[in-house]
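These notes concern the structure reproduced below.
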Amino acid sequence: MSPSFVSPWAVYQALRQRTLKLTEALSAEDQAVQSMPNASPAKWHLAHTTWFFEAVVLTAHAKGYQVFDLAFHYLFNSYYESLGERQPRDQRGLLTRPSLTQIHAYRAHVDAAMEKWLNTDGPSADAVSLFELGLHHEQQHQELLVTDMLHALSRNPLLPDWGLKLIPQTASESLTTSANTDAAISTGWRHFAGGVVAVGHGGEGFAFDNETPRHQVLLRPYALADRLVSCGEYLAFMLAGAYERPEYWLSEGWSRVKSEGWTQPIYWHAADDGDEKDWQVFGLQGLQKLDPEAPVTHLSFFEAAAFAAWAGARLPTEFEWENAAALAPDLPQLFGAAWQWTRSSYDPYPGFAPLSGAVAEYNGKFMVGQLVLRGSSAYTPTEPMPHARISYRNFFSADSRWQCTGLRLAKDSMQ
Amino acid sequence: MSPSFVSPWAVYQALRQRTLKLTEALSAEDQAVQSMPNASPAKWHLAHTTWFFEAVVLTAHAKGYQVFDLAFHYLFNSYYESLGERQPRDQRGLLTRPSLTQIHAYRAHVDAAMEKWLNTDGPSADAVSLFELGLHHEQQHQELLVTDMLHALSRNPLLPDWGLKLIPQTASESLTTSANTDAAISTGWRHFAGGVVAVGHGGEGFAFDNETPRHQVLLRPYALADRLVSCGEYLAFMLAGAYERPEYWLSEGWSRVKSEGWTQPIYWHAADDGDEKDWQVFGLQGLQKLDPEAPVTHLSFFEAAAFAAWAGARLPTEFEWENAAALAPDLPQLFGAAWQWTRSSYDPYPGFAPLSGAVAEYNGKFMVGQLVLRGSSAYTPTEPMPHARISYRNFFSADSRWQCTGLRLAKDSMQ
Amino acid sequence: MSPSFVSPWAVYQALRQRTLKLTEALSAEDQAVQSMPNASPAKWHLAHTTWFFEAVVLTAHAKGYQVFDLAFHYLFNSYYESLGERQPRDQRGLLTRPSLTQIHAYRAHVDAAMEKWLNTDGPSADAVSLFELGLHHEQQHQELLVTDMLHALSRNPLLPDWGLKLIPQTASESLTTSANTDAAISTGWRHFAGGVVAVGHGGEGFAFDNETPRHQVLLRPYALADRLVSCGEYLAFMLAGAYERPEYWLSEGWSRVKSEGWTQPIYWHAADDGDEKDWQVFGLQGLQKLDPEAPVTHLSFFEAAAFAAWAGARLPTEFEWENAAALAPDLPQLFGAAWQWTRSSYDPYPGFAPLSGAVAEYNGKFMVGQLVLRGSSAYTPTEPMPHARISYRNFFSADSRWQCTGLRLAKDSMQ
Amino acid sequence: MSPSFVSPWAVYQALRQRTLKLTEALSAEDQAVQSMPNASPAKWHLAHTTWFFEAVVLTAHAKGYQVFDLAFHYLFNSYYESLGERQPRDQRGLLTRPSLTQIHAYRAHVDAAMEKWLNTDGPSADAVSLFELGLHHEQQHQELLVTDMLHALSRNPLLPDWGLKLIPQTASESLTTSANTDAAISTGWRHFAGGVVAVGHGGEGFAFDNETPRHQVLLRPYALADRLVSCGEYLAFMLAGAYERPEYWLSEGWSRVKSEGWTQPIYWHAADDGDEKDWQVFGLQGLQKLDPEAPVTHLSFFEAAAFAAWAGARLPTEFEWENAAALAPDLPQLFGAAWQWTRSSYDPYPGFAPLSGAVAEYNGKFMVGQLVLRGSSAYTPTEPMPHARISYRNFFSADSRWQCTGLRLAKDSMQ
């Protein structure tokens, strides 16, 4: 496995501790709330990631493992039909029992068994693959824990300051370019020649099944913006009537604007002084003054695509993004700022085959009706091993607004 | 005020402590959950009852009172339009902040101010009326806290044992008659002559506005069962096909049976052994074996009315109930076992006038589309002053199943 | 039966022809549309009233009767569980087949059988009761056909002029008093002493089961307005902020105002000139200038009750209304102008027993969650026999706005 | 324009007459019904296609054209934001007025104006493009008229026989291969080498904007079945537990199976004799015995994909299909049997640009969240000019079941 210079147990331990660390400033109450059907309570994330190791690794591969509590297999299975019935997704907020304390005990129980299994039992290669999947799985849930919790706090009229500091966020902030927001879109473009290029994961190291197989695609010459769209630019779009002019929107996007009363990004708040250039943004430190040079985040695909239409550009395809990231790895804000919506639907790659066993359900069964995002966000873990990579395919439905999602412009190139 | 032999402060203090005592065995997580739109989190009840004293009594009548937190007036107003905007009812479960600890501090703050006001300031008669209303208001919420929390626990797949012991419940259990459940309905009937009788509250002591004015109604001769319908009798109804035969049901009740898949009372669970006579009932001590002699509870009006139709009887009107309770106060299970559905819609009494000021909204604006219940339940407080009385009008919509509600049969009398 | 001076067949024939006459100006398309779940297509009314005679009278009582089409028993049963499965109520608009022509043939087939049965077979007394019920049933549907069709036309952006002329409507218009709309509510009051009075149907002639048994009730002294509330008065209420001020509304009524965006009666349209005193009203002759002296109609109970609260009065109980109608039958607009919302929930009378057989479901099973209306409207048939009477209990849910419903004010009397 | 050997007016006239011919056997009632939000009444199709010529061609390009009725621009605009407000899509069934007769008059009025314009005025090239778009637009609605009407009839409990005969249907039936349904999937495969191939429309003749620009894609070697999946094969899938086994389904597809109770294709009906191999299928001639050799139709993408998974194959991508159709135009059932679901999301082609003006909204704004279908169906018009072509991209959401949609299997090739 990739972080080969440290022991698997050390990696596991560091990663598991990071999950708990994310919840340090949260009360048991905070960790129990479910603010919408597709956001989960923080404590559910704590338990579900643990269940994954228990159900997929320990039960099958650790001789003599004693299940912590059989009922948890019902409570904390997410969507694995082959692993039995489960608590309905929209009712995870009802689980005030087991208590947070019991879930911490569950984590400790599984961690102890994992330590023994990794350090003493000598797992098989197959089992190590599942173990590694469990690590990356928990990293995915680390980010979801943050976005789900942030959404819950955003629905609280008090708009509380979580006070969570994520190192990568600071790092990404340093990547902010000195955008000139006087011009509507003042962007430097990087040009790429296209042609037949290879995409997807094919080499060493971990990747999810949906990144495979590596294969060739044909690209036309294209250009990508050398940074993400900023809050200041998005504000200019809003002042130009963004949410009142259907011509920028996909049909279903416009329906959402009308039916849900969208007038701004989900976490933007108008200033008390009524100045239309004066906005606040809700985030991990509560309400903060909008920084016009920071990347705009927490946009739906619909908003991202409307912005691109207004700016006279377009979104890149996922392969344009991946090819650029391969050829120009210094391209700013590829990683660590915001997941970048692409104009690619989440379809299977040619020759795609799901994993075998229970984890066959991991990615493949969601491959319809969603859009691919590339890069990574300020919430994406980088420790104890990096989570993102250039072949990584994140995916959400086009109306999703609660993720740390932004956009990078693209256009055809005459090169 | 009624408990005149003790100081108002002593009554207040005892009552407030009882509220907290109800939550002792609950975690902060338990107290934050909202299991359906019309059930509220326990901590919301703790805060809302406190807000009532603050907003209705202290702010208006206690000179120099310092509001604990202005935001709480938005968060914990229930339905008082004249007291400003409020957190939507179905989003009370989002309030993980303020924390339970902060809400306890809120209670302490208001209690201290109330002590000063009651013991030092010398409140006016008008203010004392509002204070007294606040006491009875909190008693209402004590029962709602129990039923709302029980509902939340009932939705948890673990079906946890709350372990709450309510003294009156034990008392009511002792009231259980030795019903002979071999006969479908083996009831002793108490006969009443009817005629022009007075109903409603008219004398000394506290009453809600909806119990007034006292007035005369004309009753025909009638009879009431001398006890509530038992679980064993309700089971006989079920075995006779209750939930499959439309002829027993009101039209809207039958619609509910079909659309929501009702096959039994909400808290009944079929036995694991599959024996159709062997049931368990979920309650304050978790799952318990069904006691065929205990009063059946947690029924909707629709179920109560269907049972009565099957039994060849009917539900009493609210005035038949009240007249019987006046004439035969020893009638078993009048109080302390289960609220008793009547066949009376919740209409205003002739000459009804709401209170003045903000509390004008207390009862009157709900007087349509609901049914009156009489008596009191095993969850209704009896300390530090009795909450129920013979003129008391409880009310819920006909499909409500999460309250401690049962029925007593009635019939016309040939007397 | 009541119209004893003419033959049953002549009455039947006249009544059935009147039903068809109501649809003369409507196309087959018009008669097929269902504009909301609880409004039915006109052709469904034509067929359902025919099915009633077939299923309840002919099949059971006419020897040798040949059913027209067995499938119609599924298609045109309204809500009789004991008569089998039926087309879901909200899917009646799917029935483009059978065609209107086929339904006319169905009517002719049943009419021919009814003629033979009435004139030749010599029906039994029991059967005659069901026959008479069928007549009054069809009269009820004559009014529903008008209100359901009017609703469908009101939802058409063209706001078409139906052009239907109902004789009683003209008659009722002549009853319009010369209300002085300068004063908010300038009403003459008629005072009644109350006391123990008899209500309900008890004598000769037809009545529905829900009007029985005749019984005594106790009334306090009260006064009724000597006419209905007018459009001009309701407009004054609107100009006083009716739909923006929660204090006039029942809680559930206010919820409707907000959630459904009510700002005026359902069939009122603001004038093009923007003058807030200049309104149009949609009706049987399309859009017409609002007549300030005409009774306001097509109000929900919530709107009627809010108006009464604003006017410092209240709605009468159903028994106050009935007693007044008995003592002062010349009271204007008792009948023929608008159904009058009362402050009485639709509960069973003491001693109420439904009819036997299939028609047991006729009224009783709807006796919860609705309000009683008294009088009759401009759409209520008066030929070939009067439909309304002083004991008549009409009923709708409190949010119903598509019926011809208005209000008469009441107050307590110091008499 | 493509059918260059005949006059534009002759083509127009023939096409318009075909539309009317489709409705000949339907009553005005039939043509007014809307059976679900995304199906439109037949008369709406008649009017909307006429409106398209009026709004897009005549109003802009025919000097002196008199609009038939301005209100129709509100009533019959489908989704063109730039052309003003419109009747909500789910309320098209309320339009009993204008009557079918008036809509026929509307068609005649526009036809007369088109004749004058085409034969006398000498339209510009730009205008001719819009005219040609109008022709193909009306052909699209010819098919939708059939599928929408069929759906409405399928919801009628009488399951009426429309009696519509479409010549192509007969033709397609003759294409039915003699499938051996004893073997689960006994298919002949046609192999294709893949490589860099050109797709999309690029030559002469009409195409929709979504088929352009022609561009190159890279394909791996693949094989396509030489016919569509048959009803007999789909029945074998059902008998193997299709609708009870989640492992074959995409996650959202399985959710539909459960929440909507899918147990079979939408138009299949179990036989009265209860024999699980004995089915009937509803279609243009009412209920017909299932023909095991006929292509299975009216499947959702979810059902098609589940079948492919069960069969150990997959769906083709849209480019695999198009390349095969270019290389092997004799491949059976490419056209005229059923639209064929592909595994390609409906994304824009590289370099895609919508048309200019109002018709910019024609296709582009729907390019998210849908799947591409290729080929054509038994309902697709072939006269007066062919509607389908190998670059044609039809698209529907994955849950759509009311279109004439089936599937052809694909697999990777080792060639």
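Letters A, B, C and D name the chains as they come in the text, with residue numbers starting at 1 for each one.
Going forward, a residue touches a chain if its C-beta (ideal position, glycine included) is under 8 Å from a C-beta of that chain, and two chains touch if they have at least 3 such contacts.
Note that the structure is predicted; figures quoted are calculated from it, not measured.
Listed by label, the chains that touch subunit A and also subunit B number zero. Taking the mean of the C-alpha atoms as each chain's centre, subunit A and subunit D sit 37 Å apart. Per-chain Cα centroids separate subunit C from subunit D by 46 Å. In terms of their C-alpha centroids, the spacing between subunit B and subunit D amounts to 58 Å. Chain pairs that touch, as defined above: A-B, A-D, B-C, C-D. Those residues of subunit A that touch subunit D in the complex are listed here as 79, 81-82, 196, 215-220, 246-247, 249-254, 301, 305, 317, 343-348, 350-351, 361, 365-369, 371, 398, 412.
Note for the complex: subunit C touches subunit D at residues 27-33, 35, 43, 71, 74-75, 87, 91, 93-100, 152-153, 155-158, 160.
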